[in-house]
Every structure is written in C-alpha cells, then in structure tokens.
C-alpha cells in the first residue's frame, strides 16, 4: 500500500500476541486487595447505612435554611458547603472501594466551568427556541433523576463499580448538555 | 501599466468576491469558483439548508429569502467559501426570518454547517461533514470523509453505504437513526432514541441516559462495542466474523440473549447481574451496561 | 474528562473506566488496555525497533500506568498519558545510545506538513524511519506520526524545544536523502 504522507502511517499496531494475561498477573495482587468481596461489602454496607442517616440529617438542615436549590444542581462531591451532602459525596479513604474519588469532578477547572455554565443557564435557556428549551429542561431533569437514582443505589451498594462508572458518566453527560446549551444559545449571534 | 493595474484590481475583487442579495430580491442566485477540496461554511438561522456535492469546482447558491432576512453573504477566498444568512440586529429565532438555501459544492469539499432552527440536509459530499443545528433536523448521506453531527433537540438521520468512516453524533433529546453504518460510530444522547443498522461497523460506542438504543446488522471482524445507558433499553442484534467476547452488566435491569446463556447474580447481598461469554472465536469485544435498562444481545 | 473536552462538549468515553480502574477494578483496566495497546505498541516498536523489546515496553507501560492511576491528571488525555509512560519506558530500554552527528545550528522554518512528493510504499517509509538515528526518529515518530506538537514531543523526550526541532530537521533531511524526494 502506498501513502502520501507520514501521518497516513498506521498509529495502531497490534502486538503479535495478547499481552494482557502477563499484565493481569503483575497487577493482580493490588487489584484483589482493592476489589471488594461480598464479605467486605456487607461490612461497608453497614457503615454506609449510618452515613446515609447522617446525610439525611444534613439534607434536612439545609432545607430548613433554604440552601436546597435544585437536587440536580447541588454542589459536586468534594465541594460540599454548609454540611450539605448526598450519600455518594461522602469521602472515605481515598483509593478504597467505598470512596467516590471522582478525579475530574474535583478538578478545580471542571468545577469552575460547571459553576460558570450553571450561573448563566437561565439566560441561555431563554435564548433558545421555545420547543428546544422545553426539551432541554426535560433532559436536564432526566439527568438529575439519573444522578439521584445512581446515588441512591450507591448508598445501598457503595462499592459497586458499575454504578460508580455510570455516575461518573452521568456527571459528564450533564456537563456536555450544559456546554451544548451554552453553544446553542450563542448560535445565530452575529448572523 | 494602467491596464495591468486595472486587471490586478479586478483579480483582487474576484478573489474576495462578496455576492450579496438583499431581502428585496427575495431570490438569490450566485455562483463562485471553489477549490475541489476546499472548505465550505454555511450558516443560517431558520429555514432550510440543502447541500449537494457535484463534480464542478464551483459553489452555487440558490436562496429563497423571507421578509425578515437582511441579506445573504457569499464570500469566496482561496480554499474557503462562506455562505452566511444575515439578519437585522436583534432579530433571532423569529418566524419570518427564514431562508431556504440550496447549495451545490465541489464533491471533495469539507462541509461546515451551522443552523439554529433550520433543517439541514447534505448528500454526495466526500469530505468531512460537520453539521450542527440547535432545533432543526439533520439529515446526511455518509461519505468517506466521515461526519460530526451535533444537535440539541432536532432529529438526526444518516444514510451510509457500508463505507468505512468515522461518525460522531452528539445530541441531547433528538432521535438518531443511522442506516448501513460502517467504520467507527460514536453516539451520545440523553433522552433521544437511537436506532441503527450496521454494515461492517468496526467500533460502536453509544451512551444514553434514558433513551433506548437498538442496533442490528453486521459488525466488522474484531469489533469493539460499548453501549451504555442508565435507564434506557439496550438492544444489539449483530453478528461478526470471528465472533466476540461479551460482557453485559446491569444493576437492576433484565439481561436477555438469544444464546440461552443465563445471567449471573453479581452479589448475594444486593441486586446486580452480569452475563459473560464468547461467541465464535471471540476476536471482538462487546460491552453493554445499564443501571435499570433492559439489555438484549444476539449475534444474528 | 479533560478540561478541553468539557469545554467542547465532547464525550469522554474513558472517564468512567478510569474511575473504576482507580478503585482496583482490573476488568476496567483491561478495557483500557484493549483500547490503547495498539497505539502504545506501535509507539514502542517504532522507538525501540525490536518487536520483543516493544512487547516488554508495552507490558511495562501498562503495569506502570496501573500503579500510577491515582496520579493521572485529568488535564491530559489518557492516551497521551500512556504515551508519556511508553516513551519513558522505551528510552530506558533502548540499546546503548548510537553515536550521533552534532545537530545543525540552522533553524529554518519547520513546516508542519510531512507529505511526500509521490506516494511511497508503506514498508519503504517504515524502513527509512527505522534507519534514522535514535534522536531524529524519536522526534519524528512523536511529531509526524502521532501528531504531538513540538512542545509536547520535546517534553515527552526530555529535550529543549529547539533540540527537538533540530532533530526533526535532521529527520526530514535524512528521509529526503534516503527516499530521493522532498518530504514536506
């Protein structure tokens, strides 16, 4: 096969054999230690029940002082203010299977960007065609509900890797929607 | 000397020709020279944008302009043609600012379209197509250059020809329909429904929050499939030469398949089930996961 | 998700996987391996020019990445981060350094384009790249093949940007001599 540019050379070259078994063998001891067994999960589940009660108490306090704005727009994990926290935002030991150490979410740039997008959300929504505005609000509500359901499920099964992954991805999807709304509200400017 | 100066002046004007039609005309017809693989940039607020690739090194624009449209600029520069619907200051998203544009571009062009509530349609474009609309529908024929489609609430319909290409789709609530997709396909949606037929897709990545996802057809050998939703139903009925290893996981959704393989509980203390196995030689990989959405996998 | 991806509204397909892998989920890390092993091996192979060493390099890259996952910064993409590790491992594994000519001082403008005058067989180009001195080949592979900027390539190789550019000049000149045509 002939090519016209060095950038056309293949970047992916499959290794002659599957190297994963050897890699897995090397990382296995640390993987086993960190991956919870059912016995570990049951102990963790007990602790998570106590934490849920604490979180519920905190939520009630926040309601009383009117801090609660929109469940889907609460401060992010690791960025708790005034004692408000959802079940999934408690910080346990970093690296342990019960912690939701969502790295990108605690990234200060991500937090600043999310805060900026949220603060201008109302104005951006009003710049959209009415039908689109309704659909976007419905989608943001869908994401909010998904986050609630995932966090609630994680409360019962805090070490659940599937739920953690889905929650991380749902936060990302929220960010994507906020960014798309921002771009869409600016579309047509200058036209 | 004066003749040369005049000729140079004319050339300079032609190079940056600005064809403009004012709304008084209501109809615009303009044709400018274009490079065979240049970029064509089209923007419109409301109405329609229909683009077709042809075998001439020219961009031809036919426009039918509504009352509220101030003008349409057609700007031709080396390697870059811009077509822009211009509205009076302060008017956006009003119903009388529609412009219906029919544009023909060199087949090999890269196409960039930006619309608000205009519907976008493109066919016979071989370069990469970047099509964005906020609430308008987007419909395109997939070419070898691939496509990047972005929409907030409008529906997206793509027609492939089984030709390998990279396709990236991002929508919030619009429904997505793809026919005869091959190559690499990525779709992100929140609540829109995603439906597609595959004709040799090598990689398929779909993420949805609540929208249902259904793909049928044929994957390429050694495929890489990753389909995920929180609460949407996920269905993949696709074969692949050499088969694939599969892993389906759901927290509380049902896991079904046509192999007769039973899903296993992942924990004796709580919900969660998974299904892992191999079809054929297992040269590809298929992952499907959900929180509560039902999963269905079949290789025929 | 990188800050850049968040800004553009792009989907980060690996964020959830990284999260799972951080908590010790080897299955998630296997997915990351499957996704990136081709590029990592390709990079190792071109830098080390030995299939066996490239395999070792690939394994070591992923093992090191597993250990360092907690330190993975969301500012860079996962692929780039893995490549950084792969470059370090490759450089460490390389056979004893070859004696290289001193680099030219001239700094004519480097075009970003690495197109060839006429199409050439892939194996001929690969052989020509393979024959380059280590430093020139490293810079060329990272910049022209894998698309890293001068700055990124220089950082990955532990070089000053000027040195990296000089290596690219040398690579271009040597390729031109070997292939008998202008490159870029």
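Labels A, B and C are assigned to the chains in the order they are written; within every chain, residues are numbered from 1.
Going forward, contacts are C-beta pairs under 8 Å (C-beta built on N, C-alpha and C of every residue); 3 or more make two chains touch, one makes a residue touch a chain.
Owing to the predicted nature of the structure, the values given are computational and were not obtained by experimental measurement.
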Fill in: Per-chain CA centroid nearest to the all-protein CA mean
B
Item to complete: Report the pair of chains linked by the most C-beta pairs in contact.
Response: A-C
Discussion item. Nearest whole angstrom, what separates the Cα centre of chain A from the Cα centre of chain C?
Written reply: 31
Discussion item. Counting only Cα atoms for the centres, state how far chain A is from chain B in Å.
Written reply: 26
Response to the item:
Multi-partner residues in chain B (2 or more other chains touched) are 150, 170, 188, 207
Worksheet item: Counting only residues that touch at least 2 other chains, which ones in chain A make the list?
Response: 165-166, 169, 173, 176, 180
Item to complete: Could you check chain C for residues that touch two or more other chains and list them?
Response: 9-11, 34
Worksheet item: Mind pulling up the chain A residues that touch chain B in the complex?
Response: 38, 41-42, 45, 127-129, 131-132, 135-136, 138-139, 142-143, 146, 149-150, 153, 156-157, 160, 162-163, 165-166, 169-170, 173, 176-177, 180-181, 184, 187-189, 191
Discussion item. Which residues of chain B touch chain C once you look at their complex with the stated criterion?
Written reply: 150, 170, 186, 188, 205, 207, 224, 226, 247, 285, 287
Worksheet item: Given the complex with chain A, which residues does chain C contribute to the contact?
Response: 1-3, 6-12, 15-20, 22-26, 28-30, 33-34, 37-39, 41-42, 45, 51, 54-55, 58-59, 62-63, 66-67, 70, 72, 74-75, 113-116, 118-122, 125-126, 140, 144-147, 183
Worksheet item: How about chain B: which of its residues touch chain A in the complex?
Response: 43-45, 84-87, 92-93, 114-117, 132, 134-135, 150, 152-153, 170, 172-173, 188, 190-191, 207, 209-210, 228, 230-231, 249-252, 267-272, 289-292
Worksheet, complete the sentence: In the complex, the residues of chain C that touch chain B are 9-11, 13, 27, 31, 34-35
